[in-house]
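Shared chain: chain A. Partners: chain B in the first complex, chain C in the second.
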Partner chain A sequence: MTKAEKKPVLLPKLPDVCVRCATCMAACPVSRVTPRFPGPKQAGPGAQRFRSASEASVDDWIELCTGCHLCDTVCPAGVPISEMNMMAKAKYLDERGRTFRDWLLVRSDLFGELAARFSKIINPLMKNGILRRLLDALLKIDRRRDLPGYEYPTFRRWFRTRSTAEGATGRRKVAYFYGCFTNTNETDVGKAAVEVLEAHGLEVVVPPQRCCGIPRLGVGDLKGAREMGRRNIEMLLPTVREGIDIVFSSTSCGLMLRHEYSRILHLPGAEELAGSLFDICEFLLRLREEEKASPIFQPLSLKAAYFAPCHLRSLNIGFPALDLLRMIPGLDVRMLEADCCGLGGLYGFKTEKFSIAEEIGKDLTEAAARMNPDIILTDCEGCRMQVRHLTGLRVIHPLQLLRDALNPS
Partner chain B sequence: MKRFDLIVLGTGLAGLTAARTAVETGAKVLIVGRGMGAVTLFGNTIDLLGTIPPGTDIAEGIARWIADHPEHPYARTGVKGIEDALADFRGLFPPPYGFAAEDNGNSLLPTGAGTIRPTYLFPVTMAAGAAMIPSETLIVGFRGFKDFQGDTVSLHLKCRGVNLALPRYGLEGTTALALARLMDAASFRERLGEAIRRQMGGERFIGLPAVLGLRNPAAVLKTLEKTTGARVFEIPLLPPSIPGTRVFHRFREELIAKGATFLMGHSVSRANVKGGRCEGIAVENPPLVTEYCADRYILATGRFLGGGLWAEMEQIVEPLFHLPIFQPGEREQWFGKRFFDPEAHPIHRAGIVTDADLRPVDETGRVVLENVRAAGSILAHHQAIEEKSREGIDIATGFLAAKRALAT
Partner chain C sequence: MDLKTEVLIIGGGATGAGIARDLALRGIPSLLVERGDFTSGASGRNQGLLHSGARYAVNDPEAARECIGENRILRRIAPHCIEPTEGLFVSLPEDGPEYRANFIRACAAAGIDALPLSPRETLAMEPRLNPRLIGAVQVPDGAIDPFMLVVENVRDAESRGARFLIHTEVTGLIRDGLRITGARVRDRIADKSYAIAANWVVNATGAWANLILGMAGIRIGLALSKGSMLLTNTRLSERVLNRCRPPSSGDIIVPNDTVSILGTTSLREDDLEHYEVTAEEVTFLIDELSKMIPDVKNERFNRAYAGVRPLLQSQEASDDREISRGFALIDHGSGSGSAGLVTITGGKLMTYRLMAEKTADFLCERMGLHVPCITHLQPLPGAGLGNTLRDRLLHLRRQTPAARGEILCDCELVPREAVDAILREGKVRELQDILHRTRLAKGTCQGGFCVYRLLGLLNELHGEQGSDGSNVVLRSFLEERWKGIRPILWGTALKEEELIESIYKGLFNLVPEEPGRTGGGAT
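This part shows the complex of A and B:
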């Protein structure tokens, strides 16, 4: 299983490692739908040869990279393409300056708790047509995109005030990194995570934590992302040092914590943290494989499609949620054959990028129509929002279905 | 730690075939590759042995080839082994998008360079290319699609050629994938068919770059043939290969559906070898290194491009297991005098020598690792480029390696 090894990472970061084979051009979701983005081969190693720290950026299209990382996963030469794009995007936006919208959107963690508290007022407001037109006109937050509703009590509050399941104390502990969206917008994912972990004989603890910082990375704000990372590492390392593993249920938060903190942000302590971090399904699957816990799943008669988020692909751990779901008797679960839902986190909320996100999403809509499932399961909150928007189907985290199969009541 | 029945290293055609052959038997399989594998680079058609002239029965031709080349990978698989493996491959592509050969022999297909090239199996979307008559063929390219120049291709093929502007889309600088995606939409291909029909001057064949859709190429073909009234064919072109991408997607879909664990994007950084056996491998996704183990392993990491072979200053090495490599003497003997020498560069013959079971052996013929087998282009004593045997070697040895590995 995964463990951190003290070993210098010799990642060849030179663009010349690229042999121009163009495999990435068969994977990029953006360049397949718009000629405005030249694709990873050109945007990454191609343009990299011409970039200079002392000269102004000229490649304004770099902002169209969604940061899905699919190019990295297919590159046969090991070129860190998305990292090159990220660095170029950061430099370009540092020079151009970020909009107020981008400043605001990446700080949703700061007002999320407050918005949740006043969700009864905020939620209808976010559906208000006039307000949405204003947001569109003034901030360029596309009005055709549903804004996620807030929920109260937050996951954190729910967890703090709940009574621990009987006999759950004194068991092996596992820590849960829930992520902002679970905390304030989709609390049931967090509840399902806790229930499923407890059903596997574990005691769940929730260490202090902040937004992982991936939204800031998305707008090339390396400094802001580094600050979030530094705080999280500080808050999470004591848990790691107690010998407690940490699981995450959002694959994007997970990718950020496990890989980007060290790979892109070079944060001290990141490697130590990464060695104890697991995707929650990866963790559960291992428990079951090692026969440390194997609660029985009750049959569920459903036709389900599983969609693998790009950032899960980038974690490169296979599809542990799919492996777990296949253990539910009666559940007909199949892989949704689509690459990338198109949302790209906050990307698809932005008016100037909305149509790109929609066009990428069309392929997924068609794949879903061919399968005609009752329900779609996916590990990333961004994907869930987009897949709901695209298909109109019930879209939940695999954990929520696993929980249903463990508690048939 | 979870134990797999088989770990396949490499996501090219050899690795994909090995993994698929194994999951068919119910084995727990992990397949791991640094990237998507060479099938998106070369995999337009399935070459078996291009040196056999069209009109000759391929089985007879290969039987003779094996008699003359006892060290060739085909000598390990035998004619029957190749036939079984190809039948399995074809089973993965049921009609309407099937692969076929013509009269059990090689066919000559036009290429995106305007040349004619022999190949054995090709998808239904290329079939008309084998039958095309130059004077009755119109080659259609797209303005702004740099990978395929309709006028150059038609000039070389001695056909008439046109470059169409794409109505409404205005895609200057479009890509193969973007075009393939457009073709998947019925409305687009219907309009394209109409646009082609208006350009036709009585031609009976229409050649297009190989971008006729990713999802349902047979439907694209049908629409275009219906609207134009001509036989339509795809012409293989530069990477990324859309037909190759279809092959890759189909394999990946099948492998995941059958429960294989598919890892892609990071290389295998280390192999643990103990007592003549591989005990595990490590996959590096910085900052983490993850270990996986299995009872058997298949090494299908390709040649120099894929990273399976590595040329140091004085010798060629296999970087993962440090297997003995057959190599043609000193560095100055690796290459011919001219790049396009009709004779293969000696370095192309370098690779891993195996026993009949595809287990790597040393100079004395002793098996080096008893639970590791090699498959695909990493094997020694073939010249896939000159022989035009790349896909045949991949499929036949990938199939055999999996069968033999699981028989133990």
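This part shows the complex of A and C:
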């Protein structure tokens, strides 16, 4: 269990900016499905009026916020509601203490490499009914949720040992922030990223990096998240200062690096890093728009649905993956009209929150059933897990399909 | 004669309700009539300050002693109406150390605990205070909810046989020779007039005292002083903050539940029915109080309001603050030929119980009864129940989601069940009565987003007004609300108001009252 921070969290004075219009109430996926969460307006600027840095928190509902940021994106008054909730959640959990489960889950980056190495043993174990019942009973990790399997070699190892594509050296460099999940659980996303970037005439470098820290932020562990951020900035800034742009393929890692490091964690150097940090599809789209590279996509005859993750929406960069996918001839790709998949990262793995995540996901299930696509594409690993769980369809990163369209083999 | 009672009390403020309770505890029947709802006058339009008396220690030691005595009693009998915040008397460089030294001595003499604090200690306690301060003194000030205090007095008195008629105004006094024997009253909602016979008539109408006395051809020397206050959107401090200097305008910030109240001004007022907070007063309060908390300049305000203090005019004085805040009990029998009529006025919320005690003592003496006062010993019925926003939140948290039900007021977390309970009691007659008894419409939006949710519930209450009933209620609520928010409309508050206006005008198609329009006219 992490030690509670004794220093009171100074809450920003933001409720004064809210005009009480309740637009956020219509956007919140959580309050839509459970009366236990009163919605962003009340849990954010409303409750902020009775929060006091010197007094104990009373609003335990704050834990039910998934941190999807949809409230922020719709607020016409510009109130950073989810930030307010994050600070309140941090204070509440600092006082109450975090569970062993939360301690464990946010450290998946530490045992991920090891688990990947022993994936042949670990993966069947994670599907073992008895073990899952135990995890459910002891740690409250819901047994109805599939745990993601580990892969070996890891992306990092694969990248180190691969032979660089011919003629790739000496080109314009781009750095890749792959994220923990790509590294140990979905290495093909990383491989696709590298191949697509190389197909666009770039040399890919992988600077040293760690977990972005968003899982820790999710359980309100500001101190832990700040520590992760501090180290990442330290490791990534030299790349930035060499004039190399950094791209990310996970929109949640990206939101953390690009926005939360400065906006919530106020880390020195965060702004400088953010200036050179791009979503990988945003980056590719710009390259193509500037006509610096435009490899031809081969036709793919598929009916695909694209689902925009909440954290992508929160990045305010439009839907660059969708724009790229639309360049693939023959691909029938349409937006999957659902607001949030409901997983909320680690949120949906927790027994007490499983049903909330399921309920939120119902919209998406129905929308997918109406479209009946062959495949669903989405930029976030959490969304991919949840959409697979909800629809049973093949769900991949848009990069993986772009790669297929570039190398039809 | 339609009704009969031993003591007829006119005025449902703290004093009137206190007298009704005091008499009830002594076994003397009474009936109270109030023109509006309880606390419609100064009792509901003040800073909600539980005085320690320190404010008066230097200038008026007698008032200071009275205050600290009542302060201790109220903490005992009405803990649920009080937030024991403590208070600080803050010295800024321009206030100098001399007044502070006098102040500490005077508090000691009046028996008020006064703890001197260094600038560092002070800023650690209240970080938003002006860092230039030279020191502070901690005194046992606090915050008090006057609405709850009065309603609790009423509840207790009622359970002991006292009767209360709200929305009932006195239209005349009934005279029998040299004696006043009752009053003619009119039910303002049902528009019915009748008479109430009484052996004693107590005029507890505060600033309106001369309005009642005029019906008997009497007039007393009463100065009316308007005090304006501003309400912030969030709470600025944990404690009551006073300037440590001679009493003056713009020298106090009182925390009240989720908000803070900035006060006050002091201006002569003649028209008791039409007074408002002026732009000059708003500017003055913000300028003056930003000296104590610099952030006040950037604060969002929810409302401005004013109350009228009845000040007894004992002598000619140029500044109302020099007129004694003491109260007077006047027997109109001896000099004015109106035996049976007494007036209790002056004073302040803090001394309401003492004023009631003196009034009841006087009546007992005249009746030849020897029953002692016990209001200082007997706690009010709800003592032990909390009603702060935090308490409401904890209450909601304990409830299962299914039982939680609809929350009517998002800002202040008032559940529908709270309003249902009040309606079931059957004592309220108007929308404003409900608003007085809950925190509804007291938050950021001032009811803009929640009062329309209440209209359905009110249907029964206003059935007699026909299909246009809801519009009448809504319109009169919005008129009243407008008075409070107009003086503070700038920045975000103004934006929000535009949105609220577009909801009422655009979506609800509510049009301003046309002059001469018949049907659901203003009441």
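Operating definition for what follows: the second predicted complex is superposed on the first by the 396 of 409 C-alpha atoms of A that agree within 3 Å, B and C clash if a C-alpha of one lies under 4 Å from a C-alpha of the other, contacts with A are read in each partner's own complex, and residues count from 1 in each chain.
Here is the rule we use: a contact is a pair of C-beta atoms (placed from the backbone, for glycine too) under 8 Å apart; a residue touches a chain by one contact, two chains touch by 3 or more.
Keep in mind it's a predicted model, so treat the numbers as computed, not measured.
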Partner chain(s) touched by A:Gly46 [first = chain B, second = chain C, both, neither]: second
Touched partner set for A:Ala77, first chain B, second chain C, both or neither: both
Which of chain B and chain C A:Ser301 touches, first, second, both or neither: neither
First (chain B), second (chain C), both or neither touched by A:Ser54: second
Touching partner for A:Phe319 - first (chain B), second (chain C), both, neither: first
First, second, both or neither for A:Cys21, with chain B first and chain C second: both
Per-residue contact with chain A, leading partner among chain C and chain B: B
Partner chain(s) touched by A:Pro38 [first = chain B, second = chain C, both, neither]: both
Partner chain(s) touched by A:Thr169 [first = chain B, second = chain C, both, neither]: neither
Chain B and chain C footprints on chain A, overlapping residues: 19, 21-22, 35, 38, 77
In the complex with chain A, residue positions of chain B that touch it: 1-2, 30, 33-38, 40-41, 171-178, 181, 184, 215, 238-242, 245, 249, 253, 256-257, 259, 261-267, 283-291, 305-307
Residues on chain A engaged by chain C in the complex (per definition of touch): 13, 15-22, 34-36, 38, 41-42, 45-50, 52, 54-55, 58-61, 77
Chain B-facing residues of chain A, complex: 1-5, 7, 9, 11, 19, 21-23, 25-28, 31-33, 35, 38-39, 72-78, 258-259, 262-263, 270-271, 274-275, 286, 289, 313-319, 322-323, 326, 334-335, 337, 363, 366
Residues of chain C defined as touching chain A within the complex: 233-235, 238, 258-259, 299-300, 389-390, 393-394, 397, 401-402, 404, 407, 410-411, 413, 443-445, 448-449, 492, 495-496, 499
